[in-house]
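Common to both upcoming complexes is chain A, partnered first by chain B, then by chain C.
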Partner chain A sequence: MSTTLLLQPPTTSTPQTTLALAQQAAPFFAAQSTWLSALPYPLNLLINTESQEKWVTHENLFLACLRTGDTASASRALEALTARFGKTNERVLVLWGLYQEATASNQAELEEVMKSYDEILREDPTVFGIRKRRAALLKSVGKPTEAIGDLIKLLDASPTDAEAWAELADLYVAQGAYEQAVYCLEEVLLVTANAWNMHARLGEVLFLSASKTEAAAGERLKTLSESMRRFCRSVELCEGYLRGYYGLKITTDRLLETLEGVRKPQTASADPVTGELAPPSLEAVKKLNQLATAKLAEIVRRGSAGEKGWDGYSPAELSAARDLLDRDTQKIQR
Partner chain B sequence: MAAMASVVNILGVIFLSHAVYSAYEHSLLPSASIAPTSSAILPRSLDPNINLPIDITLETLFSAFLLCVGVVLSSPGLKPIQWNVWAGGLERSKEAREVKEVGVGGGNPYAGLEERAGFLDIRGKRKEFSDWIKQDAGSEKS
Partner chain C sequence: MAGPVEQHIHRDPALFYWILLPITIVMILTGILRHYLSTLLQTAPKKQALPKLREQRSLLRAQTLRVNHQQISKASFERRKEVFIEAAKEGRYLAEGPESRGKGKPNPLSDPAMMEGMMGMMKGNVAMMVPQSLIMGWINAFFSGYVIMKLPFPLTPQFKQMLQAGVGTRDLDVRWVSSLSWYFLTLFGLQPVYNFILGSNNAASQVAQQMQQQQMGGNPMGGAEDPDKMFQAETENLEVVEHRYILDGVEERLLAKLNAGI
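After this line comes the complex of A and B, so read on.
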C-alpha cells in the first residue's frame, strides 16, 4: 500500500493524499541511509541500491514536500537527485527551478528565478523543460499574455508537444479567446487522437463559446452541434465517462431548446462547399439526450452505492450529476 | 470454480498416466509383438502399425479432454481488448487505476494533458494546500 502511494504521481492528488505522501518522507529517507551504503569505496560497489522506484519516489516526495511546505525534506530529496543525475540534467534543472520558485518569498526573488531561467536558455535554448517552467512562472505571476507569447514560440519550435498546446488552450480560455482555444485543442487531438478527456474538454470549450456569443442563432446552432459531436466522441472512446455524459446531456438540452426555436426544416445533408456537417435532426438529439440521462442515472446510482468496480468516480462529480438529474425531474413536475 | 478446475486437472493427469502406463505394460505382452493387420480406412503412411486395446485409446482421449477443460477453467479472466471498455474501466474503478510499479497502471494515460506536470504552478499549489490546512484547522475548532 505504502509503496504504491509513493509511486503515485503527485500532481493528480488532493491535499489529503499529498499530506499522506509528505508524511512518508522521513521514514523513507531514514530507510535509504543504512550502514551498507556508507561502506568505503571498493566495498560499496558490491551493493546495488539503484532502481527505478527509488528515483521516482524521490521525485514524488520532492514535489509533495514542496507542496506541503516541508522545504527541508524537499531539499534533501533534491540533493539526492542532483548527486545521482548531475546538475545539468534537464529534469534536475526543472526541479531546481521549482524549488527556487516555491521558496521565493517576494517579487524580487521571483525575478531572480526568471533571470536564472533566461541564463540557462541563453546557453542552450533547447531545454524544453525550462522553457515550459518559464511560461508557467509568467502565468503564475499574472502575465498571461507574455506566457502565451512564450508558448507560441515554444510551439513554433516543437509543434507536436501536446502538453504545451493544451496549456496554451487553457490560457486562451482564461482570456475568453475561445476560437483560438478550440484551434489549440484540435492540435492536441491531432497528436493524441484517442484522448477521451481532451475530446470532452474541446466539447466544453465549444459549449462555453456557444453560451457566450451574441451571434446569430445559426452560428450558435453550429457550435452547439459541434460540441455535442465532441462529447459523443468522448463517450464513444470511453464507456461510462461521467464527464462526457454530463456534457452530452447539457448540450443536447440546450440544442433541443434551440432546435425547437428554429422554424425552418433542417437540411439533412452536409454542405458540399465548406464540408461542414448539417445540424443534427431533432429526433437524433432527443435520442442522445435520453441515452445520456439513462447513463448518468446509472452511473450516479451505482457510483454512490459504491458497487464493486464502480468506486472510482469522484464524489464531487457524482453529486454534480445528481443535481443535474434532479433539476431535470423538477422541470417535468412543474 | 478454481477448486473444481484443479480437481478436473488432477483427474486428467491421473487418467493420462494410467493410460500411458497401461500402454507400456501392454507392449511387454508377447501378443503385442505380432504385427497387426493393416488398417482398412487409413492410408499406409498414416497407419501406426500397433495393436492397442480400444479401452486404452478411449482412456487417453478422455484424459486429454479432461485436461483441456481443466486448463480452460483454471485460466484467469479475460482482459478487455476494446479501447472503450478498457478506458471505461479506468474511469469507473479505483482498482484499475492503481499504480503497480513504475510505468504500469495509473489510470487515464492522457490525464497528463490536463494536469500538465511540466507547467506545474507550484506557488498556486502551495497556497491551495495552506488554505486547506487552515480551513481544516478552523473546522476542527468550531
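After this line comes the complex of A and C, so read on.
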C-alpha cells in the first residue's frame, strides 16, 4: 500500500482499503515521534516537519481508524490535530463531533453530542461543517424529516452547496418524494455541470418515479424518456461508466415496452412554448438499447478479466450488470 | 594604442570584509525579519455573518443558474428564474433585510470591517517602509562614497547612474560599483535568495509585495458595491437568457459518437 492512498479523501474507499489504511496508523505514528522531535524547547524549533501532507494524512487515518473501530489510534490522530490547530478550528470541531458520535454507546450519549452541536451553532451559526454533522446525526438516529428540515435551513443560507443538495436528494428518495429529489439533483447539476455520476443519479431517480407513478401513460412516457436522456448524457460525458450503461439499458427496455404498447403514432414534435422534448423515436431507442447491451457486455467481460485500463469497477456492480444481461438472454431463449 | 586603458584602482581588501559583506548580510536578515514580522502582524480574515453569506451565495446561485442553465429542462429553469426574480425584487436575499434597499453603499470609513482591512494594509506598509529607510540612512551615514567592487564584465555608460550612486567621479569606469548602488541592487535582487531560505510564498521582498498590490487593483477605499444593484443586474441577465437544453438530441449525439468510435 503506497502512501499516496493516505492523501486521498477517504469517502469513496472500499472497506478493504480502509482496513489497510487503518493498519498503517501504528507505523505512521511511530515514524512521527522520533528522537528529534523530543528535543528540548529551543532545539526542537529547528526541526520542521510541518507540511500539508502530514495533516491530511492525520485526518484520513483518523477517519479510517474510526471506520474500522480502532478508536485508540483515532483519538491519537485527533489529539495531534487538536494540538496543532486548536480546539476551535472548524474542521477539528467536526472531527471531534465525528469521534464522539462514533464512540457513543447509547442513545443518551448521542443526545449529549447533539446538545454540544446546538451549543456550537448557537455561538456561531456559520460553522457549516457542524450543521452538516447535525443533519447526518439526525439521519442516522432515524429522524429523516428533521434532517430534511435542517438541510433546508442550511441550503437557504448557502444555496450553492452541492454536497448538501445531494444529501437532501438522498433523504427525499428514501422518503419516496421523487419530485423534490429531482429538484435537488438539478440544483447539484447547476453547480457541478459535468458530473456524470450526478446525471446518472438524476436518471435513476426519474426512473424510480416513472416506475412508481400511477399517472397517465403520457406522463410516464415523458419521465422515462427524460430519464433515458439523462443516462445518455452521463455516458456521453464518461464513456466507461457502468452505472450509466446499466441505467440506459433498463430505461430503454422499459421504453420499448411502453412505445410498442402505445401503437398510435406519436406527435413527434417538441413543444416550443414549454420547451418539452418529444419522446424519442422507436428506432433510436432500439439502437440505444443495443448499444448499451453491447457496452455492458464489453465492460463485464473485460472488467471481470481485470484487463489493464478496465479494472477499478466494483465487483458488486459488475455482477449486477452480469445478472441483467443473463436475464435478457433467458428471455430470448424462452 | 589599442583600446582604452583599463583603469586600475587599488582597493583595500578591508572594504570587502567591512562594507560589501555587511550590507549583503544585513539586507538578507532584514528580508527574513520582514517576512516574520508581516506573518505576525497578519490578522486572520474575519468571519462573515450568516446573512451576509446568504446574500453572497444566493447571488452566486443565480449566476450558476445563468451559466449552467443548459443542464436543466426549460420548465425547471423558468421556475427557478421566477422564484429568484421575485425574491430579488422584494429584496429578500439582502443581508440587512428588504428595508435596507436604496440606502446606497455605506461609507467605508464607518464600517469596522473595512477599517480592519485597511489597518492590515497599513501594517504591511509600515513593516516595509521602516526598515528600508533605516538601512538607507545607515548606509548613507557610514558607507557613502566608497567604491567597493568591480564587475567582471564591461557595461555601457548608461549604467553609471545605477551603479555609481553617491560617487561623483565622471571618468570612473562603469564597472566600478559604489556601496549605495550595491544596497539598491540587493534591495531588488534578493528575491531568489529569500525563495531559497523562506520558501516561495514569502513576504520578504518589498518589490513582490508592491506588485501584488498593483495586481489586486481597484481602490481599497471604494468598498463593495450595493448588493441590491447587483441583484437587479443579475435579474436582468437572467431575463435575457435564451434557454437551451443539453438533453435535446443527446440520443443522436451519443449514437453518432459511439458508432463512429466502434
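Quick note on the criterion: the second predicted complex is superposed on the first by the 332 of 334 C-alpha atoms of A that agree within 3 Å, B and C clash if a C-alpha of one lies under 4 Å from a C-alpha of the other, contacts with A are read in each partner's own complex, and residues count from 1 in each chain.
By our rule, a residue touches a chain if its C-beta (ideal position, glycine included) is under 8 Å from a C-beta of that chain, and two chains touch if they have at least 3 such contacts.
All of these numbers come straight from a predicted model, not from anything done at the bench.
By the touch criterion defined above, A:Leu288 lies against chain C but remains apart from chain B after alignment on the C-alpha atoms of chain A. In the superposed three-chain model, the partner touching more residues of chain A is B, compared with the other of chain B and chain C. When both complexes are overlaid on chain A, the residue A:Tyr178 reaches neither chain B nor chain C.
In the superposed model, A:Glu236 lies in contact with both chain B and chain C.
With both structures placed on the common chain, the touch criterion links A:Gly129 to chain B but leaves chain C unconnected. In the superposed pair of complexes, A:Phe28 makes contact with neither chain B nor chain C.
In the superposition on chain A, contact is made by A:Asp311 with chain B only, not with chain C.
In the superposition on chain A, A:Ala102 makes contact with chain B only, not with chain C. Looking at the shared chain after the overlay, A:Glu163 reaches chain B, while chain C stays out of its contact range.
Counting contacts by the rule stated earlier, residues 236, 239 of chain A appear in both its interface with chain B and its interface with chain C. Chain A makes touch with chain C in their complex at residues 124-126, 156-161, 183, 186, 189-191, 193, 226, 228-230, 232-233, 235-236, 239, 270, 274-277, 280, 284-285, 287-288, 291, 295. Contact residues on chain A toward chain B in their complex (touch as defined above): 4, 7-9, 11-12, 15, 18-19, 52-53, 56, 63, 66-69, 94, 98, 101-102, 129, 132-133, 135-136, 139-140, 162-164, 166-167, 188, 192, 194-198, 201, 236-242, 309-313. Residues 83-85, 87-103, 106-108, 110-126, 128-130, 132-133 of chain B are the ones touching chain A in the complex. Interface residues of chain C facing chain A in the complex, by the touch rule stated above, are 47-50, 53-54, 57-58, 60-61, 64-65, 68-76, 243, 245-248, 250-255, 257-258.
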